[in-house]
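When the chains are written out, they are named A, B, C, D, E and F in that same order, and each has its own residue count from 1.
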Amino acid sequence: MQLHTLKKVTIITEDSLKQSLLKKIIELGATGYTCRQCEGYGSRGARSDQFTRNVEVELICSEVVANDILTYVSHHYFDNYACIAWISDVQVVRGDRYTSTKKS
Amino acid sequence: MQLHTLKKVTIITEDSLKQSLLKKIIELGATGYTCRQCEGYGSRGARSDQFTRNVEVELICSEVVANDILTYVSHHYFDNYACIAWISDVQVVRGDRYTSTKKS
Amino acid sequence: MQLHTLKKVTIITEDSLKQSLLKKIIELGATGYTCRQCEGYGSRGARSDQFTRNVEVELICSEVVANDILTYVSHHYFDNYACIAWISDVQVVRGDRYTSTKKS
Amino acid sequence: MLKSLAENLLTPLPMCFALGIFSKMIHGGIKIPKELYYSISIYLLMSIGIIGGHELAHEYQAHGVSTIWKPALVTLFLGCLTPITAYGALRYLGRLNIADAAGIAAHYGSTSAVTFIVADGFCNDKGYKPDGYLPTLVTILECPGIAVALVIGAVAMGMQKAAEAAAKSKEGQIDGAPEAEGGNLWEALHEVITGQSLMLMVGLLVIGFISTFAISDAKFHPYEEFFYNKNMIFRGALCIFLLEMGLVTGERLGDLLKVGPFLIAFGIIMPLFHGFLGAFLGYMAGMNLGGCTVLAAIVSSASYIAAPPAVRLTLPEANPTLSMTASLAITFPFNIALGIPIYFWMAQTIGAK
Amino acid sequence: MLKSLAENLLTPLPMCFALGIFSKMIHGGIKIPKELYYSISIYLLMSIGIIGGHELAHEYQAHGVSTIWKPALVTLFLGCLTPITAYGALRYLGRLNIADAAGIAAHYGSTSAVTFIVADGFCNDKGYKPDGYLPTLVTILECPGIAVALVIGAVAMGMQKAAEAAAKSKEGQIDGAPEAEGGNLWEALHEVITGQSLMLMVGLLVIGFISTFAISDAKFHPYEEFFYNKNMIFRGALCIFLLEMGLVTGERLGDLLKVGPFLIAFGIIMPLFHGFLGAFLGYMAGMNLGGCTVLAAIVSSASYIAAPPAVRLTLPEANPTLSMTASLAITFPFNIALGIPIYFWMAQTIGAK
Amino acid sequence: MLKSLAENLLTPLPMCFALGIFSKMIHGGIKIPKELYYSISIYLLMSIGIIGGHELAHEYQAHGVSTIWKPALVTLFLGCLTPITAYGALRYLGRLNIADAAGIAAHYGSTSAVTFIVADGFCNDKGYKPDGYLPTLVTILECPGIAVALVIGAVAMGMQKAAEAAAKSKEGQIDGAPEAEGGNLWEALHEVITGQSLMLMVGLLVIGFISTFAISDAKFHPYEEFFYNKNMIFRGALCIFLLEMGLVTGERLGDLLKVGPFLIAFGIIMPLFHGFLGAFLGYMAGMNLGGCTVLAAIVSSASYIAAPPAVRLTLPEANPTLSMTASLAITFPFNIALGIPIYFWMAQTIGAK
């Protein structure tokens, strides 16, 4: 069983942005994603009722794609929306599947 | 407070496999796990309605156990089921509790 | 886009401790957190029905704050409550925002 | 009128709302699962739709469109007028910036389905059944106000940016191409029109309308019983819903301090003004006393479901705390507790019967 | 018959289903919380069970087992036959591989509770109340078809693998020990038998049956009112449920292109054939017009709840998109919209009364 | 009495509970979404409250406080007594440690709303309607028992720690300042008083009481229909709720082995004793046969909703498996299945009518 070192990108932001964010993520070269709802608290206050839900998106991708996604998010979301984003290193099983050909 | 470096294994797969996967994980030497439901998208398309739910299983264990679990998953799940799996390094509080004696 | 290396703290414990834990986390210098409900299994058995729910709290902070939080958790929770906690390294976008001034 | 006010306040619905606020104030433990809240709101929207369609069909069978077209036009007119009055008040009296003014105006241009439901129940309980086409008017009112406010916002922002760019270029600064925001506007309007609330209401309205013709009233009866708003399920579900609304409102009471006195005054005076317009024009259009009251209530009410995501998408600079606090923590409770009896009294004074 | 078709299509239930499809087609925002969907399906299954048990007890009190045993045997026979016919058609006409053919056959061998409910409502609305033991037949039909199809699949796969192994060993290749798949088969069958749908239906059937003897009808009355399928709650819940089914179906319309014309034809012709068998054998067994229609509907329907996980476990190579598209996006809407009136007409033509 | 037992066991409610246990025993797939469980429990608590307030208002209108004050005092007395008897039995007969004894005593000092509901239904079905102020007594019983037990626990632990510290300091060890646990005690009591169950019951009780005076019975009628406990929705929701309680209980059956024979005996004998006290004192206070039975049932019942988090916060050393197993897997099913008919028989034997 072979492991590939890839990047895991995590983005937590307002639930109403979910659809457009997911679309953009795929456009930027990700091969997939996993998402779930969550509550949170940050500089824009508590986000825990039905009018202020958060969504968390997690995806495995190459470093290049990770950078593109984070750049997009930081340009389009950070000024006006509740948002946090980070990356970390992970060892992925059959990881070659998650580095799409759109972006090397 | 002492920290131990251990492995965190993350497996995202079809919800209908949950019971047998959890049983197997314990058999393979894990001392516990945490799981939650999630939506996702990948090579087998979108998995976000009540007929195609995903489950995410996360567990802290020793490297040996982590390897055994990932090997099992990659042999039994990858061909026919929607599945992604990765490991990463974490520093665990009182981490000696999570390296069971079944597997060193 | 600049990334800062920070710590991600993850705490999984009994849902009934949620409010007091979140309050404490902010007191100890965190600038925010994200949380969600989850099921789990560990040394205190299965925690998956409505009387034994788990909550998972995740937060990005400086190493100092991370240590304080983990120390607090290990002193107050580990003896009597179902609990697991770990930290890992992450690269955070505009990460300077998450190192509060309360604790350097 | 005072007696009417007290009587309204001491029924289970407003008291459940108050219980929710109280629970939040003392940090109490009442917690309604989100899924229950969503389920009830789906049920309420479907109810408005299917029963509205059923009554519209009866109205149509009895009078054709003769009784309906005037109220419908009046409602459409009010839907386009109220965001303009609201924007004017916010921008020029309140000195809010463009984005905030347009964002709040979008909320007050649209409507709150629960306010409709409570007003409808109030009139029925008083024995003044509103005209049967009222639910249809709610669906007419949902969308245009949001569109008008968002267009106002987009145009005003465009002009402001152009002015700023001109100023900058005089100063010799180089400016990047302004981003096309028009795309977002269309996207936002599409989202309102195909959004949950409008689709459920309009969809079920059509279903209720068609099936009234297709099947006998006896066969329609179980649906009517389930969805009818004087009925047990409806009232019970509404109790729980208002309890949750109270919890959400109570959570936001602290924001009242942040938004300042102007917005608090706006959240009370604007609905009174819009409500008066609604009652008056409704009366002109030939609506009955219950109908005028309910029209006033829905025109005066502010949206907190359809408008917020549309505004968030089109005017991201607008501060959502301002609009949510105004519509949810000021106007909604004001209408539920005091507004509706006042609109009733207005309509009565004007002469509606 | 055409009038009957139109009349069926223009009632709220199919129109709610259509609204769901429409909403998905225009990317609309209607969203039913999963928990509401699960809650309603629990309610529907419990309804089938408890009211079915109640009616079975009445039937038993009136006639003993004399009227029931023939329909029960016929149902059991059809439950074992339909997966075989389906497998044959898929494998030899459609040239699908073993896993896919057996997987889809398992779906068509089992049954869809909602199709039962809609068919039952249809007959009641027409004034032809089905025999009281029909819910019992649904529970009989749930399981055997899945078992038969999975066994066919396991045996055929075993033979194929043996053949392949033989071929390989001739070529001199060394083959690892074939994995025992029998364990999975038992596990899968256990999962079907102890699965949510069967346990709720059978459990409540027993409860309804016993308590009909133990307590007076007056005391049973509140349960009957809550769970009875002509009633307000039942109909209302079903509206919401079918709306969600429409959303799920709409989501899968794109898959229709992927599955190809054979499976689309299969999803329409197979139920017509199975439905005819059901109506005919039901008539032979002495069932009334409503009963024959409903039996036809449930025999023709395909499972999308009990079968999928069992197939997933036993025949992992089977492509779930094929079976779900066929049963959910083709056969289910076909039956709801057109099939049921056709089965009614079949039963009437055969001579059932 | 045996017939009464059998009759009680063969009604849908206990059988649904049994189905849940059975499903867990055979690892069956019945699964009730948590949100549905929470929703139903909110509904049940609101029902107890609003109907209780409504009936209290009627009682008050008819007799002032003359009929109510004695039962209320008796209930308060029992609420303070039962945790003491329970603590005594657990600590001195069962030799449990302080934390466990006090923790379990807190559960048995409080009450189980569902036991109230089932007992109330039992009496109504038998034709002995309990006094209208019974729901009020439930709210009185919820809190004091928890408070008393937690105070006992805190004091006993404090004394024990002081003794240990004294012993240690004699041995020359240096001891850190003992942590103040008083804060936690107040926090825990605040959490019980402002917790979901008490706030919903008391809140709706007040709402039901006030609105009975404010609005006509005709206008109150839809609320009564929705929330009334002999009604279809109530009974149906209760079926589903008890099914889930059965699942939760079944999950814990394995723990019965762990907790040992003493706790099992305690979980049956203690309620019988408390139940007898309830029936007797209720009779002394002038309550009717139904009322005495229900008072016995609620006094004997153990809390599994309000008590656990309070105990967890104040006595973290207490093992939650012990208290949950006793109250949920022993006392609750015992009361539902056998206890309630026994209390009825006790009350009848004592002379209540």
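Keep in mind that, in the parts below, a residue touches a chain if its C-beta (ideal position, glycine included) is under 8 Å from a C-beta of that chain, and two chains touch if they have at least 3 such contacts.
Predicted model only: the values in this text are computed from it and were never measured.
Chemist: Which chains does chain A share as contact partners with chain F?
Modeler: Chains in contact with chain A as well as chain F: C, D.
Chemist: Considering only chains that satisfy the touch condition with chain A, which of them also satisfy it with chain D?
Modeler: Chains touching both chain A and chain D: none.
Chemist: With chain centres set to the mean of the C-alpha atoms, which chain is at the far end from chain B?
Modeler: Relative to chain B, the chain whose C-alpha centre sits farthest away is D.
Chemist: For chain F, which other chain has the most distant CA centre?
Modeler: A
Chemist: Pick the pair with more C-beta contacts: A-C or B-E?
Modeler: Comparing A-C with B-E, the pair joined by more C-beta contacts is A-C.
Chemist: Shared numbers divided by all numbers used: is that above or below half for chain E and chain F, i.e. same or different?
Modeler: different
Chemist: For chain D and chain F, what's the span in angstrom between their mean Cα positions?
Modeler: Whole-Å distance between the two chain centres: 43.
Chemist: Let me have the rounded angstrom distance from the C-alpha centre of chain B over to the C-alpha centre of chain F, please.
Modeler: The computed centroid separation for chain B versus chain F comes out at 40 Å.
Chemist: Centre to centre, by mean C-alpha position, how many angstrom separate chain C and chain F?
Modeler: 35
Chemist: Going by the contact rule already set, what residues in chain D reach two or more other chains?
Modeler: Residue numbers touching two or more other chains: 33-35, 38-39, 233.
Chemist: Can you list the chain C residues in contact with two or more other chains?
Modeler: If we look for residues of chain C contacting two or more partner chains, we find 36, 88.
Chemist: Run through the chains and report each pair that touches.
Modeler: A-B, A-C, A-D, B-C, B-E, C-F, D-E, D-F, E-F
Chemist: Using the touch definition up top, name the residues of chain A that touch chain D in the complex.
Modeler: 14, 16, 45, 49-51, 79-81
Chemist: Spell out the part of chain D that touches chain E in their complex, as residue ranges.
Modeler: Interface residues on chain D, with respect to chain E: 33-35, 38-39, 42-43, 46, 50, 191, 194-196, 199-200, 203-204, 206-208, 210-211, 213-215, 219-220, 222-223, 225-227, 233.
Chemist: Spell out the part of chain E that touches chain D in their complex, as residue ranges.
Modeler: 6-7, 10-12, 15-16, 19, 22-23, 26-36, 39, 125, 230-236, 239-240
Chemist: Help me check something: in the complex, which residues belonging to chain A touch chain B?
Modeler: Residues 1, 3, 6, 8, 22, 26, 31-36, 60, 88-95, 97-98.
Chemist: Can you list the residues on chain F that touch chain C in the complex?
Modeler: 34, 37-38, 247-248, 251, 304, 308-309, 312-313, 316-317, 321, 324, 328
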